[in-house]
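Scrolling down, you'll hit the structures one after another.
The following pair of complexes shares a single chain, subunit A, combined with subunit B in the former and subunit C in the latter.
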Partner chain A sequence: MATHRGRGFAAINYPIGMNLGGDPSQALVHSNPDGKFTVALSAIDLGQGMKSVTRQIAAETLGVPVEDVYVDTADSDTGPHDMGSFASRGTHRMGNAVIQASNEARSVMLEAAAEELEVDAADLVTDGKGNIHVKGAPSRSITTMAAAQAAQFKQGRTIAGRGIFLIPLSEVDPDTGEMTPVSCFAHAAMLVDVEVDDETGEVAVIDMQSAYEVGRALNPKLVEQQLRGGAWMGMSHAIWETTEPYYPSREHGPEDFNSYLMPGPGDLAPHHISVLERPAPDGPYGGKGPGEMCANPVLPAVVNAVYDAIGVRIDDLPVTPEKVLRGLRAQGGAKPRRML
Partner chain B sequence: MIEFRKEFFANERDDDLNEIGKPTRRQDILGHVTGRSPFFDDHQFDGLLHLRCVRSPHHHARIRRVDASQAEKMPGVVRVLTGKDVPANLNTLLSLLDFGIDDEPILSDKKVAYRGEPVAAVIAATEAQARAAVKAVRVDWEVLPHVLDVEEAIKPGAPKVLDIYPNNKFVYHGKYDHQKLRFGDVEAAFASADHIVEGRYQMSPIEQAPIETCGAIAAPEQNGRYVCYTSTQALFFSLGTAAKVLQTPSSKLHFVGGTVGGGFGGKVDSIHEPLAILGAMLTGRPVKYAWDREEEMQVGAPRGAERWYIKDAVNRDGRITARKFIGYFDSGAYTRLSSYAIIKGVGHLPGPYTIPNVYADVYCVYTNRTPATAMRGFGITGVDFAIETHMDKVAETVGLNPIELRILNSYRDGDMKAHRREAKNCALVECCQVVAEKAGVTLSAEAKAATSMTGGGGERARIPNYTATDQNGRVEGFDTGSYARKGGGTSPVSASAPPNPQPARAPQPASPPPSAKTPEQAPPRSGPPPQPPGARPAASRSGAMRFSSLAGFRRR
Partner chain C sequence: MAKKPVNFTLNGDARAAFAEDGQNLLEFLRRGVGDMSPKYGCGQGTCGACTVMIDGETQLSCLVLAEAVDGKEVRTASGLPSPALDPLQVAFMENFAAQCGYCTPGMLVSARALLDRNPRPSREEVIEAISGNLCRCTGYETIIQAILAVAEGRVRA
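Moving on to the complex of A and B:
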């Protein structure tokens, strides 16, 4: 009786946004009396950071500090239509809508500033710190707050912007499957190390090394939280989770977290992540969406690593101890491969 | 533990931005870590009522009779709802995208097709009273034979899970009982291959497992409107679904989402909002409908199971020259989103590799289990598991390092993909190289020198001169008006099914109680099989086109 180590590899790509397009998102941006901005969305922040990433995108585009932007979400009376937070579409679709809305608001803000400074709006730039100044002449400046207040209380202007992003719908050919599925892809490669106990059949993932290409990482911390949590979810899919352990039988279905197996903190493998950023031509500032694809390479990598460790191919998820032991018995014990 | 490899693709990026690329702390994090972020269930109402469903104990059964007379007399019970109380008691989620035929009752009144299917809903003053009354609702069942395996379900003579599609298979483009992908000629490549590698892969059903179970609270607002606090992932998707099911103008509904306690795809199905609002409409009081953990795990739609068969033609040097897929998505008893996920999956084949001949037949199969729905990686996770496990077998067959094999076959900028669009913005080669370097796996000089920007296009950008096509799986008598029909500008309405007698969103009086009629436009739940031409299923759908950008363009 022994434990056997093995390594497995997998590489994947992932389509960003609803597959065939036709999924609009809208955004509204307006300035408050103190010159700060509210972004109104009906989008949902599931914990993935929708509010934060759209806040950064709005601030970047408006040319104001991120502290000057507040994102309001998830109210159908105040936020314009959006399809929702799924299909890795939030950042890509809503991000583009927020850029368009912010650009419109920014141009009104610059017109208001131009009137105050008695210059041409085309000559003005923002410094991202709350100031608008003449290009090449930083001393001829006005704060975004003063410009916003002048617009609203002196000039009679509304500083606001509307944005929508829609990739037109693609048709699908019934006979060949010809289609224009999505506009950009994220990528990943993953190598895992596992340990398989040939007495208990248990598989432990002990290390994960990955490279994820996510377009521009709009917020590196939010990217990291997705990749880390998502990879662990993939690991859990590979060796722990299912609602029907003897699929297609419906027997023994778990009804709570005592019987629905998931890894605990002690089961989580260290994960060494490298992030590559090839900007998507049509993504907001080149961003794609790391949220879904991060789990995908882990499932096959674990199955391949189990084969590498004991020579048993388990093509039927999840890799339960029972399947491992049955496989070992069928081939008369572990036959390590050590391919990697 | 995390590094950003800025040297890759540096010339395609301007890294000098003010806010983008900064690790800015999230706007809502203090609320989260101090337990102050409000969830849907934190909205308190005086006189809140609780709704719980009576569910089928059978995988498949006809409903002879539902008797709620005892339950209605129990303490705290305000009302018991059945299918006849639901204004439009038939829906398919993708009708919001003009895709698919209404197939799923909100509260089933003729038959059930999975264990856990709701047939009645009890509204009571407390959750305990609702639970007690649920047990007192008597249902007279006629148990029917059931089928749980996808390949069993499509055999001749298998129990019929869903009447409107033939042989338990969704109909694509009104034409075939599966989605096809045809690129080149796989059979010719198999005939001349050095190696054939075959495999069968089974992806398991998985629970999204959010900490917060799905739910909604609805209450009457002023001006004949209703507010609905919900855990949805897709606010207007849920709002549109509720408006359709309740036959109510969407402007009468005010949806408020917010902090969601985990979604992962399991909070798109919009199950709770329509019933909670209907309860509020019929009782005039706030109503909450939420799943408990058992319902979340066994009634709530999981990531569906998938079964894939893959066959590759491989050259001695490791180049894959053909790849054939046969795939079965287990949709469970109703369509929900599985039909759409298959198109997403087919557009993804054959994975991130340039293979000159690709073939796929992918089936959306109905079985007598909980309907499947979206989950993180929907349409892709299962087939990526199959493809990448298969790649390992190919590597072993030709005696090549598995990472080397991926780089050799990887798609590059300018390559033609099997769905007939050019690849761009690729980065698979670089991801493989970085992992090999980190893990100390030695690659050949050739693999190390490869890039996604070079080596593609040219001959690899060519669409095959010949593509083998076929009419297998042809289905007659369907005219579903799916937007995914190529070249179909408008959706023709079949002669035998009259168009909607009235617009689904006809203006209604200020605050009407929903009428208790079964909508006329609902396709029959049972009846003659749809195969014979002329006996077409209803081509009209009960509305909810408002949020379909696509339908907005094409149906007016």
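Moving on to the complex of A and C:
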């Protein structure tokens, strides 16, 4: 009886968004009389950081400080339409809609400033710190607050913008089956080391090394947070979690946290993450979506690592001790691949 | 069924409220007293989202009868310093130790109780202290790092 070490590799492509009626997202941006901006979205921040990222995107496009942007995702009844927060689509779809809306609002803001400064709006630039000035002449300037107030109380302009991002629905070619459902893919590769106990059938993930290609990491700490938490969940799906009964009948299915197995803080494997940045041509400032794909490579890599360790090929997740032991019995014991 | 008066200390303040017969402490704190920081997760003592301190010991408030805290001191996440932040809260922000945030109040209470009795815990002791608190989003590592940052004096607060 022994513990066997194995290493598994997997690489994945992950499509950003879905081919659902074109999968549109809308955004509305407007300025308030204090020169700050509100971005209205109907997509929800579940903790993945969508509000932070769309706030950064709006501030960058408008040319105002990030502190001056508030993202309101309060109510899908009253906000602009959105398909939702799923399929890792938030940064890509909503981000593009926010850029379009912010560009429109920015152009009105510059027109309002131009009228106050008595210059051509095309000659104006923003400094990102709350000022608008004539290109090459920083002293000819007006604050975004003053421009917003002039628009609101003097000029009768609405500094506002509308944005939508839509990839038209791709129909299937009836003859060839060909279609183009996705415009943007994220990628990942992972190496996982496991230890398999051939007496108990237990599998432990002891190390994870990954490379994730996420377009541009618009908020590097949020990206890392997604990757770390998501890969942990992938490990959990690989060797722990299932809503299905482990044994033949439904009554043995988990009903609560006593019987639904999840790794705790004592069951972590070190995870060494490399983030590769290759800006996506159609992504907002090059961003894609790291959301779901961070979990995906872990599962095949773990299964491959188990095969490497004991020669048992498991094709039904999760890799439970029972499946490992049945596999070992069927082939007459552990047959480590690296010994072959 | 008669309501029972409960006199206790909540985050340093003397409080008195009536508990419904058989009401658990979690419901009593949230509905009776209005402290919404302890969260309802599983209602059966397996997730840790409702963790509070009673006389300095961490307890799962969903498993404690409200009347049992009569005469006792209860601390919740909302009793961490305000408006200045507890170093743990700063560390949780700096280390991105939350995503959806539902486990965070329970994690903070478990971590605060640990540091109160052991200001310089090891990584293993941190893990032990939060092993009753489930988190779905973070993979725990950032939470462990945040607590260790406070223990090792790496947090400005």
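What we mean here is this: the second predicted complex is superposed on the first by the 323 of 340 C-alpha atoms of A that agree within 3 Å, B and C clash if a C-alpha of one lies under 4 Å from a C-alpha of the other, contacts with A are read in each partner's own complex, and residues count from 1 in each chain.
The rule is simple: contacts are C-beta pairs under 8 Å (C-beta built on N, C-alpha and C of every residue); 3 or more make two chains touch, one makes a residue touch a chain.
Computed from a predicted structure; not experimentally measured.
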item: Which of subunit B and subunit C A:47 touches, first, second, both or neither; value: both
item: Touched partner set for A:57, first subunit B, second subunit C, both or neither; value: first
item: Which of subunit B and subunit C A:24 touches, first, second, both or neither; value: first
item: Partner chain(s) touched by A:212 [first = subunit B, second = subunit C, both, neither]; value: first
item: Partner chain in contact with A:256 - subunit B first, subunit C second, else both or neither; value: both
item: Which of subunit B and subunit C A:229 touches, first, second, both or neither; value: second
item: Which partner reaches more residues of subunit A (counting touched residues only), subunit B or subunit C; value: B
item: First, second, both or neither for A:39, with subunit B first and subunit C second; value: neither
item: Subunit B versus subunit C as contact partner of A:268, first or second or both or neither; value: second
item: Common ground on subunit A, meaning residues reached by subunit C in one complex and by subunit B in the other; value: 46-47, 49, 221-222, 224, 230, 233, 256-257, 262, 271
item: Subunit A to subunit C touching residues, read off their complex; value: 46-49, 221-222, 224-225, 228-233, 256-258, 262, 264-266, 268, 271
item: Complex contact set, residues of subunit C against subunit A; value: 42, 44, 46-47, 96, 98-101, 126-128, 130-131, 134, 136-144
